[in-house]
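Each chain gets a letter, A, B, C, D and E, in the order it is written, and its residues are counted from 1.
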């Protein structure tokens, strides 16, 4: 409970701080941006379309692999706590688990998913 | 308006300067980042002073206007060794032999204290195209992708040369005032994600040497070494050692940007740092920018662009598609552009 | 804060998720609905674990498995979306129905 | 007591943000042979940003622009609140604080992405997407390294991890740990060879469009994150508040500054490679290294 | 008391942000609204002293929603919601189903006697979970590993551009709008013919597909 209150407090504090930076009125020029000021920075060039688009993230396959691989963390945290108590058995178990998942990474690498598609 | 404590404090800051390189810019413009009172910034959004160094050809004046308006207020423009530009009546002229640091600091203080009005916009305050129109929300067209919401159309799908997943493409003129672009060069690039799909040379680079090693080091994320490389010590052993240590050579993929003479970005980088003997001159052959850049990811493409020596780059640009060589494409390109702007 | 209140919140999340999953035409939005339904399930599981199973470790394991299901659903779902888009250049559900030809 | 701790931490945060800028400019000045800035330089630049106009772009996502800056800062503060200052003094005392810090790391990727997404500008977008490509896989390294640190402590509580280092620091126990962890730090704080979000080849990347107060907020958040990361590294690898003679909080402050200097120096001296190359490097070389680190730590702990 | 207030606040946040997922135009906002919903649920779990599950939910979901955001932006038209979005079908039916599910579940909850066996205070739930994983539920644990491996392989096979069966590009020719007609959505080449109206030509090309969406959208 204290954790949640602290976290909420921290977020509120930073939000107030950033809004305060913007609204403190220290600038004599705090007006809204004009249309030419709003143009995106391209070194003087002008774009034909909005930048928001169906953006081709070249590493999309990697992210899918990552989501599956990262799930293993959920099992690893509780494992870490009892590792010393369980000893060698725990090491073997987790070694096997990681070995299984590493096969997935190797497969992905062989298929070339860590390159820009 | 006036001097509050905060403006007084701000007036003592390093002056953030954005440099717009023109033709025949003074050699000192390249080493300005070594000036103790100035900080040369990457983006106009962070600058207070726009420094136009050298003469600006007419073709680049519209680009200069757009750049000028992108600076936040308070702002001012200095013309350094440049003939007056009629559309910039407020700009302050600085001669070749004046102390540029002094001149910039004076203008900066004057603007900040309110003694000098912040430079007004040049371009009219209107969205890039009319957009109150047909749609129920005034987006100017029917459907989800139609019209010109907020004054610009939305990107449309295009074929992808790399993995054939046809997503949206983004076309824009990049440069000439990007800090890592060779001075004067404007490229109309079509990007899909961060991969370049199409290159058109809209304006060739100036006949101007630039500082390719510093730019390359900056691109490799080594700004401090870049500044050091601009120093007056011709053969700096510490610099060479630090570059070696940084793994810059390893950071450049081998075989990137290969020219007919067999040199790639890595060997050209070696020549610049003095790790390899200087070749007499690069031979561009009939290489085009299309050959060099298309299919590359942004960072790699910029490394290729900045590794070329200026004369070679100009040759390559002459070989390349300049927008009007290919009649139909150039036309549709520019008309499409005009269509959106009108 | 009682088990009943927690379960009602979980039911609300499930209901919204069901609405989303049924109403959205886009495959990716449909997956959001599914995730929201699983979110409700997750909440209910943790609620049961804390209030009526006396902290049985299997309850926590079930919660982890729900998250694993989400991860698998997400990875395979999006891989399918990519595959379908390559074929059809569309991501709406109707286009999957005609994938056969 | 809690109030005192909070005030003390805020004072420390302000000081170390200042020191970070000073160290950064000094380092840059030293390497570039240009000389250092004046001591009040950072404050004056901050004042300048406050007096500048805050620009927005065409149709920006205003809500996310605000939330990304505040969120990045909040994550830094959260991490700092997790750091134990004494045997029983941590602002957030949670038995799973290592996992909570992992959540902060994951959310950093989200807020940096949002920072690049919200201005609706091409260079910022490329920066945002690049950061995701690196920020996601590099998180795995830190997870393995932190789990390896949790093994001898038999707990996911940072307080227990500190006490488990009474005899020997984790720096010695898992020699690969700190180097791998520092790489993550460079990525979290958007620095040096891992500066894929705000890099120079995008004219500033995600912050290319930030001006005035927003630029100030983002820079403060980055430096706060640097402080937070250094404090975390000091806690996990350098024994945290443990140390002779001096009081605990002073030890952690000193160790934090030490790690900070290391991170800043590293960021100026290592080159950045194209993002796809780095992605392969993380998955194929650094990740197996972190496996090796975990196995090493596991064998030592038995 | 504080705990109750926190619980209701977090519940309201979870439900509200869950609802926003389907009401906002921007895909990025929708994705991260869903993330907020997950974080709120994680917070509630933390209130119930599920220290591990609560925090781990935030951790996992932040990552998953980031990935989801990438794909949302990749594959949705108008990903930022610059034009208003409505891509729904069977709208009324879905609302009905959602409400019915909620009411049905609520009635079931209210009428069923729930066993009351609260978590014993002071237990180390994380250790319990660890022993469970390496003890009774070891099979589940290893099965999960194999399932995740299968997921990884499946995801790579389905989405990778260059598979063992040749380039996926061969399959990327879009279908015709009419049987045997020219491919749809190929705008780059087609657009040229329209000269000055190339920009609008593109939207014209897209129209048939969009019209279909609009027709369905009117149902709402």
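We adopt the following convention: a residue touches a chain if its C-beta (ideal position, glycine included) is under 8 Å from a C-beta of that chain, and two chains touch if they have at least 3 such contacts.
This is a predicted model, so every value here is computed, not measured.
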Checklist line | Graph distance between subunit C and subunit E, where chains that touch are linked | finding: 1
Checklist line | Greatest separation from subunit C - chain, by CA centre | finding: B
Note to self: So, comparing each chain's Cα centre against the centre of all protein Cα atoms, which one is closest?
What the structure shows: A
Next item on the list: Please find the two chains that have the most C-beta pairs touching each other.
Entry: C-E
Margin query: Taking the mean of the C-alpha atoms as each chain's centre, how many Å separate subunit A from subunit B?
Written below: 29
Checklist line | Geometric centre distance via CA averages, subunit D-subunit B, whole Å | finding: 30
Notebook entry, point to check: Which integer distance in Å separates the CA centroid of subunit A from that of subunit E?
Noted result: 16
Item checked: Multi-partner residues of subunit A (each touching 2 or more other chains) -> 3, 26, 28-29, 31, 37, 39, 41-43, 47-48, 50-58, 60-61, 63-71, 73-75, 77, 80-82, 105, 108, 116-117
Notebook entry, point to check: Among the residues of subunit E, which ones contact at least 2 other chains?
Noted result: 3, 47, 52, 56, 59-60, 63-64, 67, 70-71, 74-77, 80, 82, 87, 126, 129, 131, 133, 144, 148, 151-152, 155-157, 159, 161-162, 168, 172, 174, 185, 199, 213
Next item on the list: Find every residue in subunit D that makes contact with two or more other chains and list them.
Entry: 50-55, 58-59, 94, 96, 99-100, 102, 120, 122, 129, 132, 136, 139, 156, 203, 208-209, 212, 275-276
Next item on the list: So, with touch as defined above, which chain pairs make the list?
Entry: A-B, A-C, A-D, A-E, B-C, B-D, B-E, C-E, D-E
Next item on the list: Would you pull the subunit A residues touching subunit D in the complex into a rising list?
Entry: 2-3, 6-7, 10-11, 13-15, 17-19, 21-22, 24, 26-33, 37-43, 47, 50-52, 55, 57-59, 62-63, 66, 69-70, 73, 76-77, 80-85, 87-88, 91, 95, 98, 102, 105, 108-109, 114-116
Next item on the list: Spell out the part of subunit E that touches subunit D in their complex, as residue ranges.
Entry: 26, 28-29, 32, 35, 51-52, 55-56, 58-59, 62-63, 65-67, 69-70, 80, 82, 124, 126
Next item on the list: Report the residues of subunit C in contact with subunit A in the complex, numbered from low to high.
Entry: 64, 67-68, 71-72, 74-75, 78-79, 82
Next item on the list: Report the residues of subunit A in contact with subunit C in the complex, numbered from low to high.
Entry: 60-61, 64-65, 67-68, 70-71, 74-75
Next item on the list: Show which residues of subunit B lie in contact with subunit E when the two form their complex.
Entry: 135-137, 139, 141-147, 149-150, 153-154, 156-159, 162-167, 169, 328-329, 331-332, 335-336, 338-340
